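Input: structures, listed below.
Two complexes are shown next, each including subunit A; its partner changes from subunit B in the first to subunit C in the second.
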Partner chain A sequence: MTEDDALERVVKILTPHVRNEEALANVSAETNILDDLKVNSARLVDVVLAFEDEFDIEIPDEDVDSVNTVGDCVKLIVGKAN
Partner chain B sequence: MGAVELTLRGRASLVLQREIGRLLGPIWIPIVAFLVRVAFGWRFADLQTTRETYKRLRSASSSPLLICANHLTMVDSALIAVALGGPGWYIGRFASLPWNTPARESFASTWYSKALVYLMKCIPVSRGGDRREIGEVLSRISWLLSVGETALIFPEGGRSRTTRVDTAAVTYGVGRIVRAVPDCRVLCVYLRGEHQADYTTLPQRGDRFHVSLRSLEPKTTKRGLRASLDISQQILSQLEEMENEYFDDRK
Partner chain C sequence: MIGNDIVDLNDPETQKNAHHPRFDGRVFSRSELMRLRLSGAPHRLRWILWAAKEAAYKAMKKIHPNLIFSPVRFVVQLDQTLRGSVDCPKGSLDVSVTEEATSIHAIAASAAMDEQTILSGAEWITSETDGNAQQPSQAARALALRSLERRLELPRGTFSIEKHDRIPVLFQHGVRSEFDLSLSHHGQLVAFACEIGERKALKEAHA
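After this line comes the complex of A and B, so read on.
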């Protein structure tokens, strides 16, 4: 899986939780999920669980700590999936 | 999961914080109790029974004990601490006085509030903040539990806007702590003032609180994040059940 492919699928999963549509329109690897996209922190768990289902991977609790930006998600997923 | 990991520096800073809090405990613990019971006039139904139950739980087993409660007002941590033990007992059994994780924005935004919460066994956390910081706080709480301290966590992650236990607001952090600490027991605490009808910052002055306690040893067959979430959900379901019992008793 390429990072571009993962990025596209990550954005798709994040979209229903995003409260800042403008930031979503300009999303990049540096976009912060909580600060820029305004995803509710309590919903971050749902997002990570959706990553597990979508990419058929298991993400340990500790790895969730490293998820701040869209790029962090992509790196984590690609690292687990490949 | 199963082993509690925290750097030597992290452990040393917690031990230092605990010892400073303990040394000054004879000053600040009675002050907090005075504020709760006299200045605000908050009272508790069956206070002795509640305190005896907590004492029994603490002495019955050396297994770590995590306290999980519903969350209605900004002073719930203090109310629960006062409900579970008297100042004299806490001064002698400082480990039984629970650690807390208050919101930094509300309780640790100035130098003096930072100093106060430091003294009062608090580890401030930025709600919705950096995930690494939240992970570090969870590790600190896990380590404290593993060395015999107690901690109080609100599984809903914040105060309920509806004044009822919100099972949809479940956070995975509580489950993560339980999974990280071997043989961790959970003490569910349901606290409610008789006049708590709406979302408020403080309970009404002179309100009378009902406190119910229930022990829980959550188990899960799930893995990873789902396991943590499953445990958190079991705890919140228990609190919801206790809430239903509270309202059923008042019909």
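After this line comes the complex of A and C, so read on.
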């Protein structure tokens, strides 16, 4: 799986939970999931569970804590899935 | 240190079945899952427990900056009055939860829960709420500042709030205050909690 492929699928999963449409329209690897996209912490749990389902991986809370941006997210997923 | 969390039960995010089917299993401890199964109002209890965990994490993170938010490891114990404790990986905090028909507000503190030393509040965002209806974080700040200055009988503009490492910090005339502050917002609700400690001393220092 390439990072571009993962990015597309990550953004698709994030989209229903985003509260800042403008940030979503300009999403990039540098976009912060909490501060820019305004995904709240309860929704972040749903997002992580959806990532686990989509990519058939396990993401422990310790890994979630190290993820700030969409790019962090993509790297974590690609690293676990490949 | 203090932390708080507000939940808007009218928000689409908090409706039944709005979350992933494995949400409860990921977030709640075995004892909490048992309480949810036995509860007559599991949906409401779910958000009470979540808010208590969030509030405890916010308070504990200030003491232990490297603390990881692993909700299942923040175990909530509440009595009938919704007061109790949250056992965290780094210790235990007192917690108090206030529930209304459409909201839940949890406050966790490392000091004793005392209405004389902890000031808190919550309000719905309206178009008149300081003109910040589109920016809930600004509305939460405005509520905290207004409430603090009113309670301490200090002039408007005495306090300001800045974020340091994503954590709000209270300043008094530009000098960092010893009073610890926590802000939160969710849906159409904003809230705050502040350890005001010996408020007389603050007033005398200001005078």
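Please note the rule applied: the second predicted complex is superposed on the first by the 82 of 82 C-alpha atoms of A that agree within 3 Å, B and C clash if a C-alpha of one lies under 4 Å from a C-alpha of the other, contacts with A are read in each partner's own complex, and residues count from 1 in each chain.
As a working rule, a residue touches a chain if its C-beta (ideal position, glycine included) is under 8 Å from a C-beta of that chain, and two chains touch if they have at least 3 such contacts.
Owing to the predicted nature of the structure, the values given are computational and were not obtained by experimental measurement.
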Which of the two partners, first being subunit B and second being subunit C, lies in contact with A:Ala50: first, second, both, or neither?
-> second
Determine, under the contact definition given at the top, whether A:Cys73 touches first (subunit B), second (subunit C), both, or neither.
-> neither
Comparing the two partners subunit B and subunit C, which touches a greater set of residues in subunit A = B
Which holds for A:Ser41: it touches subunit B only (first), subunit C only (second), both, or neither?
-> both
Answer with first, second, both or neither: which of subunit B and subunit C does A:Glu58 touch in the superposed model?
-> first
Thinking of the overlay built on chain A, is A:Ile13 touched by subunit B (first), by subunit C (second), by both, or by neither?
-> neither
Across the two complexes, what residues of subunit A are contacted by subunit B and by subunit C?
-> 40-42, 45, 48-49, 61-62, 64-65
Which of the residues in subunit C end up touching subunit A in this complex?
-> 13, 19-20, 22-23, 26-27, 50, 54, 68-73, 166, 186
Can you list the subunit A residues touching subunit B in their complex?
-> 34, 40-42, 44-45, 48-49, 52, 58-62, 64-68
In the complex formed with subunit A, which residues of subunit B make contact?
-> 1, 127-132, 134-135, 157, 169, 171-172, 176, 179, 223-226, 228-229
If you look only at subunit A, which of its residues touch subunit C in the complex?
-> 35, 40-43, 45-46, 48-50, 61-62, 64-65
